[in-house]
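Consider the two complexes below, in which chain A is the common component and chain B and chain C are the respective partners.
On to the complex of A and B.
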């Protein structure tokens, strides 16, 4: 029998721990001899180091690897690797209509899912009240966010299935209406995927806003009431400014998450109908895993990385101009 | 120091717990990882070892693995079910250096893997395992050969057929004296039948699912004199007159209400089984399943017949494919494991007649010529399927052929593109794929 051996793994861990024994004492002496300020700095770095090493290996290194692979013809199984310079990017930007369509579709999807932030704000405002059992409601609204995207896709895929198999269409059949081809008409399928994303992720926006709302001092509202401010004025001049940070945080995260949409598309539509719901990440998946062209797929990932970087920097600059982050 | 000791003690205790809880590893049986699609049916067939009790693709393949495990104890087959068509999982496992020992793969994909040295060549090892490769039919053998070498053992030849609800045809007066459906040949007869059927029943004559369009379109192309999707130089040849004729025919059927289209696979199947159309284009893989549906007293399908793919042009042609067993080549092949895998492969090949009960065509000449095979339900109704079978091109661009064509044809069917534009776009995309180095 080959494979993972638990006993050996434990022995290896113990050896690793013992490997630190010889350096423990010299390190202690080195640390004690440092000036007090330096001691703090060294201690801080010592704590950060394990994470830093893992972060470099699993996050930083793959980013550089992505750039490297994008300059090659590189197949998923590690076969036929050849340096081809910028040819992947040339094909991508000049000839690949499928990528162009996927890019447009992703932008549309980002636009459609931005309202999630405002729906999250609405729910947060509703749930930021001292009402008995409010915790239960908060849990219920957040619950979809902890469900795996596969499950979410299967559930809503079944609800919106195009024939009588779908919950909605089965209901409509009772009135001799439908069936509505929710997942088989381009525009409808896009809306359905956007709606599913909203249902799935709105709980997170709500949670962040809720935390932001609870961070705003009640004294400000009390003072405003004394000065005669009505609810709208309180919302306009206390709540909205108080939520700038969560708003900026969610805007950046939401745009990045929407650009990276994959699971819902994969489970619900497979990029169809007629490629109408194919997003950039789905396109990367198809190209890399189904057509073997990892080099070309990573070139798409590099383009997406560049676009997201520019958008995120623009958003950060915008929010900084409005006093967030200062 | 005390903490260190405590940590060590904790790790040792954890290790002991894991070892005690783990199943006994010291088993003599050689483990063979068997990766397949065809669905998950362990609930129904997980314990079944009697092949006569199994039905449907999943039931039969699951029972074959079970019965192999039950009949000997030197080899244990461990089934891993993956999503159709299994390519993503295979690629990921190959990339990680942990491919399955044996896997089912569509025959048309074999050149892609064989040309990269990722499959075990079987020509020299089959005889030693008791597998007679000379018994394979020529059509099936063609799927698993690459550069004159065998890289797999075919499991079946499959393709699209015309599944018919005879009860509804009878209602429309489209049956012969013996009760069999009066099958139309040629465009005029086909359209006449479709009109008659719609007038009599108010239902569409035919059904098909959106993502299977490329297969039906391809068959219609090859039914025309000189029709092809591959040029002589091996490049895609999509934007042709035959291609346009075939696409316009499909659009006309849709426009005149003769087909239920624009639905996914499960929906299209449900529509047929619910008696909401007169026929359904689907594969050989559902013959056994639909035949079983007739036995359901609550089912809407009371009288089932299956025929070759409709011939509406000059000659019969039907899209075809093949499932094949392959042995992926890992970084460090284990001879003992290969021997065990070949033993299992031999068992699967010996039981090819059981798999043929699904409705697929068998791949061994001895099976094809046997009385048992020819007496399977409905087998004679689509006897002309094999001679009319057309296989997709075996070029590098065939990897993207179905997905690109399904997408462009769907765009034309739902009115997002003109037929001419859809075919031109498909041609451009596939050419780009073929030429990219």
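On to the complex of A and C.
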């Protein structure tokens, strides 16, 4: 478990290469007679080929297919495929209240998970002190982030379970209080999922901020102290501006990630109660795999993709104006 | 005078140290509260079902039982899923590193026709989330009758735009002279790639390998739609299905043991690669 040994892998590849030498000779002669840029083009294409094939099949082609399928009534088994133009989009945008609800819910999750960045900053500031033994807490707070969503969802789903089979409600029962319907009431369930997301991912923001904090030169603080700046002034005029870059990075990442919330919802609430925690991706998943309407699901994906594209371009432009982008 | 100064300094250090330990204690208590659900999960996995029926909210594993764990560790299913996860994630990671580093070498070092448009095409992938395009990929695997195979879990995502981007940036920073020296010795491009570029890029390759492995191990959306037969579940999906099958009512402790069993390998992985993971986040976020 010490990682793979790069040196040994290289050696193995080299000996494999030598086996091909006799075949390679005639090719080498042909290659040498090409003009230099052509030579490099042939070589470059050979280097890119394996990537290119997989990239074409699994990324580029699906982009076009997504648009193509979204213009059809398309059932998942490949039966009943019919071109219907923009009808899917018309229905989505004008009539489908479930999709509208999922869209609003997703925006709500984005709004509720933005604070994760600030909590991450708080954790980073809390742990950015030269006290012995503080490193262990970085590990502890980051640890949940590498654990799979099924485990996280299972644990927190049970902490918040609505009946006496949930930790908090079982605890309240001892005092004849509760039960609080955490997962049976729409707004509460939304908050529970958002909080679980916070607990799960805040360590990442924390580490990014910690790296950012360590990049701010100590000389700036020393100079400010000489000038008589108190700790709030130092924070306001040195720390905050110094963290712009990680902050911009985390904002973009957080919005994009929250826009695609799926796992937590699937594990903890199944979109419920009464569709109250159903997000866009969950809606796509349900439409395509529960109701088998892939064409319709793909149309939702197109809309989600368009919104994400606008958000990321907008954010990039915004941050570039403030001199954070590069 | 100096004696008084030394005495003062010693006192100040003492105060500072005491302040440090108070601070650590406060942070420690907060961390303990933060991790309470994890501790509860662990404790619950060692409590017998009857005790759990009586009182769920306890952090004392008394009466104590290893029954839940014995059941989980004897379950051939869970071990099989663990094996699936290990195989899928390892293969996926090795394939991604190979394929993407080769492409990145071309973009970083060769001067060829269509280089710019091709590179832009690669960067487009950075803006296309898998969540937006997974349905056609699903249909493709359906047509090829490849669902419910490990291949289906390995293939998507191997050609990663991010990996190519990261490696291209890194390869560009390697001094050209090293390559030229190897070329003088008559080495071809592929050989240069292997003996000059790869060994010099070990840090970034390792960081990428770790994050690719973690990402694939923890992936949820794709395996839950592609793998519907229990032979090919990854451990992450398997836990979900067990959880659904057992329900909340009857096997509470067993479920918790299964959750810990699922998390444990990746926690061990984390502690082995801890330093690289933490520095890798700084690399990925472009701060360092």
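As a working rule, the second predicted complex is superposed on the first by the 268 of 326 C-alpha atoms of A that agree within 3 Å, B and C clash if a C-alpha of one lies under 4 Å from a C-alpha of the other, contacts with A are read in each partner's own complex, and residues count from 1 in each chain.
Keep in mind that, in the parts below, a residue touches a chain if its C-beta (ideal position, glycine included) is under 8 Å from a C-beta of that chain, and two chains touch if they have at least 3 such contacts.
Predicted model only: the values in this text are computed from it and were never measured.
Enquirer: Which partner does A:211 contact after superposing on A: first (chain B), second (chain C), both, neither?
Expert: In the superposition, A:211 touches chain C alone.
Enquirer: State whether A:78 touches chain B only (first), chain C only (second), both chains, or neither.
Expert: In the superposition, A:78 contacts both chain B and chain C.
Enquirer: Of the two partner chains, chain B (first) and chain C (second), which one does A:10 touch, if any: first, second, both, or neither?
Expert: both
Enquirer: For A:286, using the defined touch cut-off, is the partner it touches chain B, chain C, both, or neither? Pick first, second, both or neither.
Expert: first
Enquirer: Kindly classify A:133 by the partners it touches after superposition: chain B alone (first), chain C alone (second), both, or neither?
Expert: It touches chain C, and chain B stays clear.
Enquirer: For A:95 in the superposed arrangement: first (chain B), second (chain C), both or neither?
Expert: Touch status of A:95: first partner only.
Enquirer: Taking the superposition on A as described, I'd like to know which of chain B and chain C A:165 touches: first, second, both or neither.
Expert: After superposing on A, A:165 lies in contact with both chain B and chain C.
Enquirer: Which partner reaches more residues of chain A, chain B or chain C?
Expert: So, of the two partners, C touches more residues of chain A.
Enquirer: Hey, what residues of chain A end up touching chain B and chain C alike?
Expert: 1, 6-7, 10, 13-14, 17, 76, 78, 161, 164-165, 289
Enquirer: If you look only at chain A, which of its residues touch chain B in the complex?
Expert: 1, 6-7, 10, 13-14, 17, 73, 75-80, 84, 91, 95-98, 161-165, 181, 183-186, 270-276, 286, 289-293, 296
Enquirer: Hey, which residues of chain A end up touching chain C in the complex?
Expert: These residues of chain A touch chain C: 1-4, 6-7, 10, 13-14, 17, 37-38, 40-41, 43-45, 47-48, 50-52, 54-55, 57-63, 65-66, 69, 76, 78, 126-127, 129, 131-134, 137-144, 146-151, 154-156, 158-159, 161, 164-168, 170-171, 173-174, 199, 204, 207-208, 211-212, 215, 245-246, 249-250, 256, 260, 262-263, 266-267, 281, 284-285, 288-289, 294, 297-298, 301-302, 304-305, 308-309, 312.
Enquirer: Can you list the residues on chain C that touch chain A in the complex?
Expert: 20, 23-24, 27-28, 31, 34-35, 37-38, 40-41, 55-57, 94, 98-100, 102-103, 105-107, 110-115, 118, 121-122, 124-125, 127-129, 131-140, 142-143, 155-159, 161, 164, 189-191, 193-195, 198-199, 202, 205-206, 209, 214, 217-218, 220-221, 224-225, 235-237, 239-240, 243, 248-249, 252, 255-256, 259, 262-263, 266-270, 272-274, 277-278, 281-282, 285-288
Enquirer: How about chain B: which of its residues touch chain A in the complex?
Expert: 4, 7-8, 11-12, 14-15, 18-19, 22, 25-27, 87-88, 91-92, 94-95, 112, 116-118, 210-211, 262-264, 266-267, 270-271, 274, 399-400, 403, 406-408, 410-411, 414, 416-417, 425, 428-429, 432-433, 436-437
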